[in-house]
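The following pair of complexes shares a single chain, chain A, combined with chain B in the former and chain C in the latter.
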Partner chain A sequence: MNAIEVNHLRRVYRAQIGVFNRSIKEVVAVDDISFEVKQGELFGLLGPNGAGKTTTVKMLTTLLIPSAGSATVAGVDVVKGANEVRKKIGFIFGGERGLYWRLSGDDNLRYFASLYGVDPSVSKKRIPYLMELVGLKGRGNERVGGYSRGMKQRLHVARTLLHDPDILFLDEPTIGLDPVGAREFRNVILDLQSQKKTILLTTHYMFEADALSDRIAIINKGCVIAMDTPSGLKKHVSDLSVVEVETFGASETALEKLRALPFVDSLSIEDREQKQILLVQTTRGAEAVPDVMTALEGQRVGRVIVREPTLEDAYVRLVGGAA
Partner chain B sequence: MNYSNLFKYWRTVLTVAEMSLRTQFSEGFVIFAIIFQPMIIAILAMFMLKDKGGDYAMFVVVGSGLTGLWSSLLFVSGNSINVERWTGTLESLVGMPTPFEVIVFGKNLANVVQSLLSMVSSYTLAAVLFGYSLTLTQPLLFFITLFISMFAFICFGLTIAPIFIMYRSVQQWENAMEFPVYIICGFLFPIALLPEWTTPISYLLPPYWAATALHGTSTAMMPLNQVLFSWAMMIIFSLVDLVIASQLFKIMLYKARVDATLDVD
Partner chain C sequence: MNTFTKNIYLFWQGTILSYRALFAWLRPVTYMASKILMPLAQMFFFVFLGSYATDGTATDFYVIGNAIQITAVSGIFGVTFSVGGDRDAGTLPYLFGTPANRFMIFFGRAFMHVIDGTIGVIIALTWGVLLMGLDLSRTDLPALGLTIIITTFSTCGLGLLMGCLSLLTANVMFVNNFVYFSLLIFSGANVAISTLPVWMQVVSNVLPLTRGIAASRMLVAGGSLSDVFPLMVSEIGIGLMYGLLGYFLFAWFETQAKQRGTLETV
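The block that comes next holds the complex of A and B.
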């Protein structure tokens, strides 16, 4: 039996607009998504903002009713057996929200343990164990309001493990964390993976998905556009190389020239403070560099490197440069 | 529902109540709603009734305590659902295996316990500031009535909470719901002063029976059969409220999951 099965899931949001001339506006967040997650697998869900990742997770965690399609978690239908599903899962939505800031870390866990139906004698032992697991040992008596963002995220993990669920949904759990905090958090996820937990992870960070996931589904505009292992996804761009060019205020005309080159498969731009990194995907490898430099003539250019494609490059190609 | 579940839920209710009390006592508005607002109402009422003598002081103390009880349930319980929504904890609570009505019951219990402070603050005010000598005419019956009233208020509050889950903007209507209950349930003056057509409405509201019995056992010698009748009415209405609330929670939570109103996004 698969831990999670999703069949043609669809979710439409309806919003009322206008005051006098009222009308209903429909937004399709998830159009048609199907996938399965095996027991003990870490399954990554990747996609740009608004692709439908969080909506999918919310439907699977019983917090939203699907508009169409069906899904089972631990063999139980997420709509008909919502309460059964809730006993078997844990979930985290990224960010600092979802905790009681006026209570201490320990009290937050005691509260949620009670709501998960954990016996007080069990939670008394489990809370210190979990606080240690997530690196918050000795901080349990402090108010959550005084915790750093990373500490709050880690408390979320402890919260979600209180009833020792077999299936975890982690929706962008490292969003907003500093690099050290994010690395520590990934270690916690790896630890959970070693305990054979089934994990559905959504993230924006490609290296994170690459390092952690057994399989990845890339979703865009509410549909799955690719699903494979990280190495399988990279094969989508095995014919490509990436020319990375550091520029300082490259003009739109120069970028248009670059895009127009016949050997440029796609161009994406990463803004890093005052500079931009142009990521040119090309089939010509290092031979493309002179033409790229010609297209950027008159622009302030820094470092130029040619490298092998990563999962991010596969993602960019599949999503069509929308990231 | 089996007995082990009932025991587990009762334990959860107590934990929710404890955590709610801890959280809310750090909020200034809660202190205002449960201590200062009833004191202000008590001062106004005592000035209005001062020519009627000390006998009315206990009526005012109990009445202003009831206003605190109702305000606390309406504002604190209602607002707490919206606060949970804004802080992102509403989704966590709904996503728990514990039925949401059990969680709200715990929150209401905390609010009712808190609002007993309203009665204590009004009592202190009447005794110290106005120098009234305050004694309960039927103390045992009064305290039993108080216990049943707390249960009735909690259950009545449960029928209101689902509306807050479904409609984010219902908060705007809280003020409109506050004073009519003060008046129609006879918290501060007998309902005999109201037009006759309002009486059946009063009879349908559990706070009316709570007010009748609490006033009757604190300021007069209410006949036992009338006290028992009020208790019976409160218990019957509480059970009806529990049935209505469980259905409303089911409907409203399903609708909130359809309409995506559990979060602010």
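The block that comes next holds the complex of A and C.
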């Protein structure tokens, strides 16, 4: 049995726009999504903002009724068996809200444990264990209002593990965390993965999806546009190399010349303080470098490197192509 | 622990924690002020105004009326905070994502306020005895105690309904104040109901507090439990009616939110 099965799931929101001339606007948040997640797998849902990730997770966690299609979690239909599903899953929607800020960390966990019907003798041992797992040992007596954002987000992880669910839904769990906080968070996720939990993780950080996921579905505009292992997805761009060129105030005409080169697949530019990094996707590998340099003649150029494509390059090609 | 004691324990724990989590007057100083000084202020105001208007012949009428009415501070404001607070805390998705019994969650939110409101009334009556010449020597105190608890319970029933409204609209503080101040008049705390226009008497009759205040006045004047028994049964009925209406609204809110996608998640 698969831990999660999603069959042609669809969700349309009806939003009222305009105060005076009331018209109803339909937003297709999830158009037609199907996938399966095996037991113990860490499955990544990757996609740009507004792709429909959160909407999908809400339907799978019984918080939103699908407009069409169906899904089962732990073999139970998420609409008909909602209460059964709730006992078997844990979930987090990224961000620091959703906790009782006036209560201590421990009391938040006690409250949610009571809602999940966890036996008091069990939660008494489990709460300190979970606080330690998420790196909040010794902070359980403090009011959550005084926690940092990262601490609150980690407390959410502890909250979601109270009833020891087998399946976890983590919707952008690292959103808004600083790099150190995000790394600590990823270590917690790795810990859960080693405990054989099934995890559905949504994120729009590529390296995060790449580092953690067994398989990834890339979704865009409410549809799955690719689904594979991270290395499988990178094969989509295995014909490509990326030439990274550091420039300082490269002119628009030079960039145009670069784009016009026949072997340049795509050009994207990352701005970094005074300099820019030009990312040239090409099928010619290192041989492309002299021509790239010619196109940039007269510009101030720094470091030049040629590298293998990353998941991000695959993503840019896939999402860019579908857009 | 067997299942029954376990469930009682969990209900109790959830009740206390949600009270602390969602009730605004958490800091001891603010809480004490609301519990001790606020009743005193309200009683002084109405008792002196009322005594002045009636040449001091009916002081007890105002003392008892306002002391019992104090229960609406917990019953209306407190309960509304406790039900509606999840909206501000952003905890609704996490709450509705649990398999917890909704009936228990809902009524658990009012539970502590029944105790809290009862204490508030006792404090207010103490002020009445100490400062305003209230005489309880002829009163069946256990019966009065029971009346206070029942009245607080029924007021909390209305509070539960108001709390549900606060899940639907952000403007509930206005509605709360309106209800609280309306109760000052409609409940008969400060006016004899028989002197009100007929339509107002009709409203009085479907509100909590009205019968509780009437029963308390009868008991203070030397009445017995059997005299007030019918009033108390109706008071319980009114509390249950509002509480159940609130519960159905709560259940409806959850279903609607899942269908329309309005269960905010940040």
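The working rule: the second predicted complex is superposed on the first by the 285 of 323 C-alpha atoms of A that agree within 3 Å, B and C clash if a C-alpha of one lies under 4 Å from a C-alpha of the other, contacts with A are read in each partner's own complex, and residues count from 1 in each chain.
Note that in this section a contact is a pair of C-beta atoms (placed from the backbone, for glycine too) under 8 Å apart; a residue touches a chain by one contact, two chains touch by 3 or more.
Predicted model, so just to flag it, every value in this text is computed and none were measured.
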Once chain A from each complex is brought into register, does chain C clash with chain B or fit beside it? clash
Let me test your reading of the model: by the given contact rule, A:13 touches which partner, first (chain B), second (chain C), both or neither? both
Given the touch rule stated above, what does A:83 touch, chain B (first), chain C (second), both, or neither? both
Which partner chains sit in contact with A:121 here, chain B, chain C, both or neither? Use first/second/both/neither. second
Touching partner for A:315 - first (chain B), second (chain C), both, neither: neither
Pick one for A:62: touches chain B only (first), chain C only (second), both, or neither. both
Look at A:99 in the shared chain and tell me whether it touches chain B only, chain C only, both, or neither; answer first, second, both or neither. both
Common ground on chain A, meaning residues reached by chain C in one complex and by chain B in the other: 13-14, 58, 61-65, 83, 86-87, 91, 93, 95, 97-103, 107, 110-112, 114-117, 120, 159
Within their complex, state which residues of chain A touch chain B. 13-14, 58, 61-65, 83, 86-87, 91, 93, 95, 97-103, 107, 110-112, 114-117, 120, 159
Under the definition above, what is the set of chain C residues touching chain A in their complex? 1, 6-7, 9-11, 13-14, 17-18, 20-22, 26, 89-91, 93-100, 105, 258-261, 263, 265-266
Listed in rising order, the residues of chain B that touch chain A in the complex are 8, 11-12, 15-16, 19, 22-23, 26, 87-89, 91-99, 103, 254, 257-260, 262
Contacting residues of chain A [partner chain C, same complex]: 11, 13-14, 54-55, 58, 61-65, 83, 86-87, 91, 93-95, 97-103, 107-108, 110-112, 114-117, 119-121, 159
